[in-house]
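Same chain, two partners: chain A is paired with chain B first, then with chain C.
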Partner chain A sequence: MRSAWLVIRKDLRAELRRPQAMIAMLFFGFLLLVILDVAVPAGTEITPETGAGILWVAITFSSVLGLGRSFDREKENHCLEGLLLSPLSPEGLFGAKMAVNCIFMGLAELAILPLFFILYGDAFLRSLPALALVLLLANSGFAATGTLFAAITAGADRNEALLPMLFFPLVMPLIAMAVRATGMIFAGAPLPEYSSWLQVMAAFTLIFTGLGFLVSRHIFRD
Partner chain B sequence: MAADDYLEVSGLCKEYEGCRALRDLSFRLARGDFLTLFGPNGAGKSTLLRIIATLTAPDSGRVRVDGADLEDGSEEFRKRLGFISHHALLYDQMSALENLVFSASLYGVADPGARAEELLAQVDLQLHRHRLAGTFSRGMRQRLSIARALVNDPDLLLLDEPFTGLDRQAALLLGELLLVLKERRRTIIMVTHDLDRGLAMASRVGILAGGRLAFLEPRHRIDAAAFAGLYLATINGETS
Partner chain C sequence: MIPRTRNPEPVLITCTALLFAAAVYAVFFHAPAERVMGLVQKIFYFHLSCALVAFLSFTTACISGVAYLVSRDLKWDVLGAAAVEIGLVFTTLVLATGMLWGRPVWNAWWTWDPRLTTSLILWFIFAAYFILRAAVEKRQQRAAYCAVMAIAGFVDVPIVFLSARLWRSIHPVVIRADGVNMAPPMLTALLVSLAAFAALWGVLLRRRVRILAMAEQIRILEHRLDREPAQARRARY
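Up next is the complex of A and B:
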């Protein structure tokens, strides 16, 4: 646990010093929100379902940029090999990278959400507490799946192209559930109406987190 | 495993896409042995080091260190392992001190800051402790990389072509550090093509060819000139 925390702290410090992943995620998220806002005719009322779709398009595409970079720092000078030579277990490394991805996604969302509420209506703002729960579950699921595939593709030459090709088809059910749950929350539905979506999202996250820990030893060692 | 054996390699086999890197490789080392392994390119030297370092899993065979199978407690074993490879294993965006403190912390060193300062002094980089590793010259990076590998004061040190590409100062420094470690009875396996340096430091000398140990003898039984001839004949036999 301690070694994993050291890796998390190192990655957060490195990102603070040179915020490559965060800038890419925020820029892409902002750009998508603005483009979609321009595409919607003026005066058109955004339905809860459409609002949910727009929000998750921005979050999903900005997240994949961050996930793709989660092993970039370990590639320079073969630092990943340095970590694997240390007493840090492969499971600890997976857990650390998943936690870092989760934190980066959460920080990006903290910046993307205000712009979303400004552009698409502050009526959605009242849904924030329930939305936070959906974001937490979706972030964990994204981070588990994304870290797993980022680790698998870390050694590949063109992993920037490979990661989305592997990641998106698998994470599609999670995105669909997040959009559904968010749409219902924006429409003012009570928790029991969308709790089944949250339960399936939690199950998805648990399955891919468990899978990541189970296979990390095989991913990181030849 | 005999009572004084520290490292036991038995029946190691490894194949990469149809190419057999190691074929039933077995040998034993006592604590404090310094084994220099020579061999032509592709003989399986790096694969052997990577398997002992737990970076690569063998297809069959096993490695035991201090009586324990590596499969059972490789995390515990890696606390006592040092590895100097072709790669610097340094974070360019971290200072020299931060790189060493991070590594020392990962290895659970009691006072990472003090250990990092001690190593920076040993490799003559204490005046550059706050400079980013990415701004270092090649020689400085090599010295920092050596310090990084020694951060946990390893019981077992693996060196993969450690002198290749080193500048004169870094090579001298590495030679001195290795002699100190040898005197302190650290077990060392060095893979090299450098006959002079390899023979000068070794207590045991081996030749790996075609994934097999073609030769393994204590250093005192070897005549340097005769060994050079044998080594050349082995390389020529491999390449012809």
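Up next is the complex of A and C:
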């Protein structure tokens, strides 16, 4: 537990000194929001559902950049082997990386959301507290699945395009649920109407966190 | 080593062929035409059979994935890879027959119905399995990663279905908890088709496992040959 905390601090400090992942995520997220704005014909009103879709496309694609970076640093100079030789357990390493990814995604969203509201209308702004809940659930689900597959692709030979190809099919249900729930929130629906979506999202997160912890020993061993 | 016993394959293949002939007979001559859909509904028997076989494959892949991670025996990896290959083929068939059926009956090639969505995402996941397989060079590592992918894919299926179910479904519910919702001759045709496809699945799986195991052996032999000092080889010839 303590050593996992040390890994989290190490990753955050390294990111603070040379922000590779954050810059990639933010820049790509901004670019996507602008591209999607161009893709929507000028003068069309953005419905809540479309707005939710646009927001989640930007978040999903920017997050995969951050996830792909999460093991890059450990590949230099055999750092991963060093980490595994330390008293840190593979489960601890998985947990630490998942937490770091979760934090990065949250920070990137803090910057992506304001731009979204600027470009697509601040009428969506009143739904912020409920949206935060959806973001939290989606982030942890993305982080669990993403960390698992980032660890796998870090061990593969050609890994640049591999992560999205493995990661997107698996998180498709999570994206679909997040879009639906966000659309309802933007439309001003009360919590009971979309709570079943949130429950399934929570189940997804729990299942993949559990799976990640269970198989981390096997992934890091090879 | 692959044991050299009497090969039961010709018998298995003959049985499968006979079952298929029986299935075609049962579907077209024994089962009555459906009242509303008419002749188009005949595709249902093979559609459902393909779906069952695909499900059987992915279950096998998940179980052999777990077995590999526990035992670290490469034979489980071979079984898993063979099962996913066959499962992918049959999932493609499910999607294709479903589209052919959906066009005249629902007036659309594709809708975002829970089962369609689930099959499609399942197809993507297990297609990604092969991309992963091709991208990892080291044998043990590839087996471990693929095992995790097969397990993750299998675990994902109920969630996909649940999330898609929150949308409205237009799929007919044929088999309920309180009994089967169709005429007895139709049920016979369905059961014969299911048996035929299950037999085909068994034959294909056996074949693929044998071929993959042989490829594995060739790889090991080649590896050994490469390591053998050139001098020793020259002395032998």
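The rule we apply is simple: the second predicted complex is superposed on the first by the 222 of 222 C-alpha atoms of A that agree within 3 Å, B and C clash if a C-alpha of one lies under 4 Å from a C-alpha of the other, contacts with A are read in each partner's own complex, and residues count from 1 in each chain.
Please note the rule applied: a residue touches a chain if its C-beta (ideal position, glycine included) is under 8 Å from a C-beta of that chain, and two chains touch if they have at least 3 such contacts.
Just so it is clear, the structure is predicted and the values come from calculations on it, not from any experiment.
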item	value
Which of chain B and chain C A:170 touches, first, second, both or neither	second
Which superposed partner A:86 touches (first chain B, second chain C, both, neither)	first
Chain B versus chain C as contact partner of A:14, first or second or both or neither	first
Which superposed partner A:219 touches (first chain B, second chain C, both, neither)	second
First (chain B), second (chain C), both or neither touched by A:207	second
Which superposed partner A:76 touches (first chain B, second chain C, both, neither)	first
Winner by number of chain A residues touched, once chain B and chain C are compared	C
Chain B and chain C footprints on chain A, overlapping residues	221-222
Residue numbers on chain A that touch chain C, as the complex places them	145, 148, 152-153, 155-159, 162, 165-166, 168-170, 172-173, 176-177, 180, 196-197, 200, 203-204, 207-208, 211, 215, 218-219, 221-222
Footprint of chain A on chain C - complex, ascending	69, 121, 124-125, 128, 131-132, 135-138, 140-141, 144-145, 147-149, 151-153, 155-156, 159-160, 162-164, 166
Sites on chain B touched by chain A in the complex	50, 53-57, 75-76, 78-79, 81, 83, 85, 87-94, 102-103, 105-108, 148
Touching residues on chain A, where the partner in the complex is chain B	2-3, 6, 10, 14, 17-18, 73, 76-79, 81-89, 221-222
